[in-house]
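You will see subunit A twice below: alongside subunit B first, and alongside subunit C after that.
Then we have the complex of A and B:
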């Protein structure tokens, strides 16, 4: 290898290391602070004393409910919008650029804005109060742009020749969508859904003012319930002596997100040709 | 598969129809009071079966939520102001604000003028106060925090005059900022500061006007920078809210207040 090439390779590796080291340090500090309280019981017990004692079972349940509401709204809506975009709006047209631009802009809106809107609209105007429903709906608004864009890309990536073949067989529009387009794009759509789940799980700001802080296990979607990310924030910021449990909860959340990312990789593999 | 999905959707719709339980109490506001309130509410719930939802977010939010009818009670960590007389205040506890420095900072007790000089940027090195020759990291609280309002009022400062190196929101953030920087100075709730200092966080509470920042001084009424912790309500109190206020004033709960280093209000 010539020396400029070698230099480039070495400096690239160094840069990579510079990125990996802080991440390693972050995980290490979470481990050091949180390992003392992390145990199976921590996952199975409900919190007490404002989160300073006990575990996170109730929060895992609340987080699951919030996520379920979010996905029940975001997946059908997102898929519908993506289908409209890919079927009715040809790529490269002015309309496609416009709509895509608006979606990208919505995706870039800071999440606290969605949180404040959710608080004003779902909690106050619609009278849903601090509830899992308010939180899930606000969260759905936040992840919709991401969901639509990734599903749209997956749908557009289905080869045009398939469409031609379908038309040659005079297959109906609905038949084409249902039997060929969606199954072909399914891995890509699944990746979009999992990415959205990851984004929703990591979100704090949207939920502070909507789903709220309550530590109890929720009885219905009208109850307020605290998500894992909100728990980390509150323990680290407001509760004296909450840092160990905040770190342990952080580790649990990181573990869930890592598992989700591994799932993305598994889903990606069969989808040869669809790349992200 | 499809049928299952419709079933799930119907379930959700059915749940959406559920009205929130009418005997539920919603309390929102000050992040200083919220952890204490959450624990007291837990006990109240166990005794009476009345659900109490405690939401954090700052005193300002407590007041606006009560005004909008979103909350039954608001947590406000200061006395009510002139333009807040539409609300009724119920003092539940007392707290003070302590100036804190890193445990290794050898600085002597500061005078009122010195503190004002530090926060207005006129005094910018610890060397002038008997410490190392290092610049002072001034930690200040963000607007809308009642701790900040009280601090400014006590020292007769206007927020525009303050030259802060770091503007923070929550108490814990203030603790972390000062514990992590041997040259920082900040101010937080006495309750939080004493708790952390007792749990091996490298902090030192500075006396104010010769009075040590401690619960004992607060109890005797000597500590100059103290505040009341309020629950505010609007209009007629719900029966459950009345029961909760009585519960909070019960001397049997004093140990919980003390666990959070607050003084229960004596009635």
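Then we have the complex of A and C:
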């Protein structure tokens, strides 16, 4: 190797450090701050004193409900839209380009704008108030483009020969979709669902004015419920002395996301471009 | 068996159901634009010109957003200036100088991309702000916000660059080797210029993400409404302003926040169009 190449090889390693060191610091600072609080009880107790004491059980429940509402809407709708794209819109046509453009646009809309929309439309216009339902619905809209894109890729990856074989047997369209297409694409669709779960769990800004801040365990989807991510924000910013529990909650959230990431990795690699 | 068991009615239902689902995506986007427009239109017509002034005092019915628009822009621009070159160089280095590290690094970077923005913000509060505070109080500042944002957009910027470089024809590299060019020369003269348009297109999208990011910035920027004068001054961005004030805003104040949401949406749309243009993608919308 010549000297410019050697120099580049060395300086690249330095650049790598510029990324790895802050990331390492991030995990380390979370561990230092949060590990003192983290325990099994932390997961099983309800928070008290605005989160200064106790654990995060109520938040895990609220988060679970919000996620359930989000998925109940986003998965069927996303899968339907993906089927529409892969079955009824030939690639390269004007309509496909338009729909693709709309999806790109939806994916680029800032999350706080989804929050504003959800607040005005679900909480006020539809009268759902600050509730898990409002939050879950707003969140569903936010993860929809990701869900559609990943499901579409999974559906398009089903070999064309299968379709030809289906047509040769003059299988009905519904039969083709139900018995061949979706079962074949199932692993890819599962990856899309997991990616959507990850995105939904990581989101905060959408939930601030839709699902609200209430720390209690929710009784129904019409109750306000605080998600884990909102809890981290509130403890860190608004509750003096909440830092340790904010960090511990952050550790729990990151752990969940890492597990989801590993699941995706084990199951099936999403094709390029799904993540962003 | 498969053929005859399901009547054509099921097919027609399916076809309509899918059409509806496809329309839903369009409806969501249309709904967002419509709601924001309807909320802010009367206000924009009355006070539209006041929005560009530099005095945000909702208590006295003054809704000039210039300082926060500037805040959003400077914070994101600095973040992009920090993360963009780093991401491009690192992606190129991983691909052409350290291929053994590339796969594990990309896996790590993908993981980083999934970490919630509140956790990035928390890291900023725990590590970055106290650190900056030591030599330039108060710590929560333009610089802190840009650094946190830079770390946040770096993963996707890196992945986008890696994809762009991966799409270059292999024969470029072979031709370069045949001419015994140095790798640095290859990168500088051939590979980066060839992939330039798609790289920049990806970075434009990341700039849009930085502009739209709320939580991480909110937690470390200090949130004082003022013209960003120095790197160490606290600033407030448009997104942070919405998150901070929406909870108690009423009347015109509330509408002003919706107007700022509309502005964000508009800027994001323009950046997306720019990114399509750069990539030379033929979207009907562009």
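As a working rule, the second predicted complex is superposed on the first by the 250 of 276 C-alpha atoms of A that agree within 3 Å, B and C clash if a C-alpha of one lies under 4 Å from a C-alpha of the other, contacts with A are read in each partner's own complex, and residues count from 1 in each chain.
To be clear about the criterion, a contact is a pair of C-beta atoms (placed from the backbone, for glycine too) under 8 Å apart; a residue touches a chain by one contact, two chains touch by 3 or more.
Keep in mind that this is a model prediction, so the values were computed, not measured.
K.L.:
When the two structures are superposed on subunit A, do subunit B and subunit C clash or fit side by side?
P.N.:
Pair status: clash.
K.L.:
Is A:239 touching the first partner subunit B, the second partner subunit C, both, or neither of them?
P.N.:
first
K.L.:
Please work out whether A:148 is in contact with subunit B alone, subunit C alone, both, or neither, and reply first, second, both or neither.
P.N.:
In the superposition, A:148 contacts subunit C only.
K.L.:
What is the contact status of A:50 with respect to subunit B (first) and subunit C (second): first, second, both, or neither?
P.N.:
first
K.L.:
Which holds for A:40: it touches subunit B only (first), subunit C only (second), both, or neither?
P.N.:
Neither subunit B nor subunit C is touched by A:40.
K.L.:
With both structures superposed, pick whichever of subunit B and subunit C touches the larger number of subunit A residues.
P.N.:
C
K.L.:
Output check: A:133 vs subunit B and subunit C. Expected answer is one of first, second, both, neither. What do you get?
P.N.:
A:133 sits against subunit B, while subunit C stays out of touch.
K.L.:
Quick one: classify A:81 as touching subunit B (first), subunit C (second), both or neither.
P.N.:
A:81: touches subunit C, not subunit B.
K.L.:
Go through the superposed model and pick first if A:208 touches only subunit B, second if only subunit C, both, or neither.
P.N.:
The answer is both, since A:208 touches subunit B and subunit C.
K.L.:
Applying the touch criterion given at the start, work out whether A:5 contacts subunit B, subunit C, both or neither, answering first, second, both or neither.
P.N.:
In the superposition, A:5 touches subunit C alone.
K.L.:
Tell me which region of subunit B runs into subunit C after superposition, given the options 8-16, 44-52, 134-142 or 242-250.
P.N.:
Stretch clashing with the third chain: 134-142.
K.L.:
Which subunit A residues lie in the overlap of the subunit B contact set and the subunit C contact set?
P.N.:
208-209, 236-237
K.L.:
Mind listing the subunit C positions that touch subunit A in their complex?
P.N.:
2-3, 5-8, 10-11, 13-15, 17-22, 24-26, 28-29, 31-32, 35-36, 39, 86, 89-90, 93-94, 97-98, 101, 105, 107-108, 110-123, 125-127, 151, 154, 156, 159-160, 163, 182-185, 187, 205, 208-209, 211-215, 218-219, 239, 242-243, 246-247, 257-258, 261, 264-265, 268-269, 271-272, 276, 282-286
K.L.:
Show me the residue ranges of subunit A that touch subunit C in the complex, using the header's touch definition.
P.N.:
Residues in contact with subunit C: 1-2, 4-5, 7-9, 12-13, 15-16, 18-19, 22-23, 25-26, 29-30, 33, 77, 79-81, 83-85, 87-89, 94, 97-106, 108-117, 119-121, 125, 141, 144-145, 148, 169-175, 177, 179, 198-199, 201-205, 208-209, 229, 232-233, 236-237, 243, 246-247, 250, 253-254, 257-258, 260-261, 265, 272-273, 275-276.
K.L.:
Quick one: which bits of subunit B touch subunit A in the complex? Just the residue numbers, please.
P.N.:
Residues 8-9, 12, 15-16, 18-20, 26, 28, 31-32, 34-36, 38-39, 42, 45, 51, 53-57, 68, 70, 169-173, 175, 191-192, 195-196, 199, 260-261 of subunit B touch subunit A in their complex.
K.L.:
In their shared complex, at which residues does subunit A touch subunit B?
P.N.:
It is residues 48-52, 69, 72, 123-124, 129-131, 133, 208-209, 212-216, 220-224, 234, 236-242 of subunit A that touch subunit B.
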